[in-house]
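Just dropping this structure here.
Order of writing sets the chain letters: A, B, C and D. Residues in each chain are counted from 1.
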């Protein structure tokens, strides 16, 4: 193999990557054609920024919850009973607290759910759709796409969509890759599946069209960011140095600063939360605080699919 | 072996796990029967939430101290004199400061003590019981259960209970696994030993009955959480990236937020502290602050055993 | 090899290092001649501290932005689409927000840009120079100098300078090594290239002349520090324990404390920021805050080259 | 070998450790005689707490500075020019700022200096002693004692003391092991050298006599703690997850909380700082703040040697 796997788990060489032109494994020796191709396999096309939001709202809020529950442990082939119980907490207490807040505030949200998690907790997915929320694809068992054989990725993504459709009665319209681990093939598969959008990449704060090898795909990106993810600040793994070191009051400051500038820029504030992380007693107030503040600023709340539909129809295409 | 050990130290295959039906090591290829079995080896049964707490208190407080002392270093076969001296601190200064605060506040607590630690410091265990506190099982030498041969786990747990009984005169009624490392066999052994409760899992904030392969065991879980553990924020290991990065004032904010919602939800606030961590001059005030605030909110303080007894007798079984 | 590589990636033995005098790999057995030679390969010569700053300003401010963009991922031979999209963010949103603030405040800055990043985003480099900013050398593809064969380091540094000159029309006058990874050969190459200054080392807060094996080189160091680098507090790597744990409000406190003492000491306040890190909605205010506060204190803002030129001409040579 | 090395670098088996009685490498199988022997190789004897401090001060303050400078990098056989420059900063700027504060406040302190650092910067050690400070042993090149052959440890410690005596004119009276890495042999060597005290262990907040295999040695411990060490909160290593995550304002809160309770308990407040860490512009105020607050509380400041001498002569021996 000509390009060495990075320590971060890089996908197998894609067939249409012309690698014969370089004879070296060292990136500083790559010819321009190679680093350009690598850097632009998937890239950001034109921004999709509407002149106005529904109801003349100054900005949009896209809340999402990744209902991973037990799959965080299962996806590694792990069988730790303690770790599985943390997943159970998400399903037993986290989701309940989140749902109560969303219902009281009367705002829609998107739930990204691995198929195995949906099969373990089908009633939660039904209820979410009944309550006007969206359920989107989030892998089969929270697997990392860049670690899969290519055929497996396509098969799992399609089967995952089928499972969600069967449980909720609605065909998923969007995708969030587990751990935002987007392979060389992910976009091609999303196109084949006719998905409306992805929400796993980070090239902008607002929506943009995804390009594959520089060509438009019609798939819209509603971008995420580590900064707006509860797991980043509150992750915990006994065997490594991962700890919930950041004070919750500082995390809410960060979320509200992101929200404030989204409002001033008349863009989108997108947030990714996890039931087993945000749903505990000492953090659930953060969700309420974010919703309250967004309402004060006059936000329009939409599911990810609703926001993407809206920008696709009303997006003013900026030069990119 | 069909299921690979996770990097987090998974137990050897249990005899009654039917693994012949899968021919793959990849979790994304597991059949449904396998991931369901893994996910539900030990699971949360009905919640045990009393309609009222003793004395009409709005909520219960379960304070616990894991008196690991020197065993933190010994359990790894380590002989670092510096690390052993940190354990000594817990026994020499930490326990003294903790005891003084508990006595002044006149509240009971549970001490979970590895047998080796109890044998190194027997007078502390005697005193704890004399003062109305509980002493519970915490392994032999703070060993990780999922790393043990199965027979060793059973043998060590039983011998540990014998040692504590011999020292304190009371048979331990509850278990906390060292590092909350709960193996596939732990619950079965707890049942065999006739233990009233475990306090190592995290599927809820309030008590629930533990199920083994979906069947009730009669053993009650009084759940813990990393969030309510001083070691998470204040851990230190020179050779890794573990550092006490979180400001103590933020840690007390987290504990008090947990306490506040426990009070509003009329549930349990459970806390896990370590004499060598919380017992230092710049952190011991946190314990006092938590107790003072809990008293202001009208808490009922019980040992873990007292709380579990109470919910077992007065628990209103919610649908789970 | 006589001196073992450190775990941190030490360069191959330099030819003029006389290693024959030691027969041991253990540093505690090194003879004095060896540790003295190692400790003083590159060292700090006389400090260059002007009696006054231009316009009688009490201190100088040197803002720098390392426009690494996609090269952070490319330099490791990585092809993570998510990570590449973070680089895109720097080029698409981060640079825009930074440029707007600099233009409004009317202050110059230095951009250190790997050649590959400059080739992916040439218009940004042209614009920077048009706006009165400086573009300096920052490696070819953000490679680590101490990991390179010696010839490769020289070749890449020279080609990088050529690329920047071709794009911007100006020959770069200064160097910042990628990741501040300064090899045994870096200073010799800088001298050969006739560079005015380096900005990668940390022996002082203010400028000093660099010595090579104790001899003056004429190359001036404008020192950096981890403390004044946004990546230190806000770095994120999913696969390790690196997280943006420090609250942004605390980071600005640190920057302003550095600024305040720089002002009192009548020295230099130097800052290193990254478009993809500081350029997000919840952090960009930090840049504005630092500039506003510096202006209140009467700072003189210069590019790194302007400041070094000034101290070279007006530096009062302190005894070192 | 019967006892496996821990991952934290445990010393080779000591000759007088009777290991023949165990046939296992697993700590949970160790017989009582083994874990008792390991746990009590070096232990805390009677506390040495004076009834009163000089001048009727309510408590004592022991400030220490570990002048490691370039040896942090050299001790690993490393040759990183960037890391060496951080050491230079300690010698060039850090020490200057520290000295100025100590002189203005007119308080004595202890400097623990590796021999190689002292040889690179002899004038600083001379000046320290002239100014009434103490210079103590801190290894040869900041080597880890538990990694050394036994003979090497003894040889290096003795040669280090000779170097310091030659430079300062005073024989060192105390020892601080580099990285507080205390081997099975360290105490025996300290006894042989006739040292008054060690300051590397953590079994108490106040002084105590050190026991070797349970027997008094006459060597006094003036204990340290990670909590009262600037490196813990502000350490930085590019290749690992070590970062200066804790806000400086929170670090000073911790130091002042330790100080406050030391004062209330009429004990010792001991602090360990590093010139290259605390000596930067945004942290040096912490040292001033601690001294100011200690003076307000009426502290008596002594070098480590002065405090140990005092408690040895005036210590009220508590039962341990």
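Definition applied: a contact is a pair of C-beta atoms (placed from the backbone, for glycine too) under 8 Å apart; a residue touches a chain by one contact, two chains touch by 3 or more.
What you are looking at is a predicted structure, and each value in this text was computed from that prediction instead of being measured.
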Expressed in ° and rounded to a multiple of 5, what is the rotation angle of the C-alpha superposition of subunit B on subunit D?
90
Compare the two sides of the subunit C and subunit D interface and say whether they are made mostly of the same residue numbers, over half shared, or of different ones.
different
Interchain centroid distance [CA atoms averaged], subunit A/subunit C, Å:
34
Separation of mean Cα positions, subunit D and subunit A [Å, integer]
48
Could you check subunit B for residues that touch two or more other chains and list them?
240-241, 245-247, 250
Which residues of subunit C touch subunit A in the complex?
70, 73-89, 92-93, 116, 119-120, 140-141, 143, 148, 152, 156, 236-241, 243-250, 280-285
In the complex, the residues of subunit D that touch subunit B are 3-4, 6-11, 25-28, 30, 32, 35-36, 38-39, 41-44, 146, 179-184, 186, 200-205, 223, 225-227, 232-233, 235, 240-242, 245-247, 250, 253-255, 257-258, 260-262, 265, 320
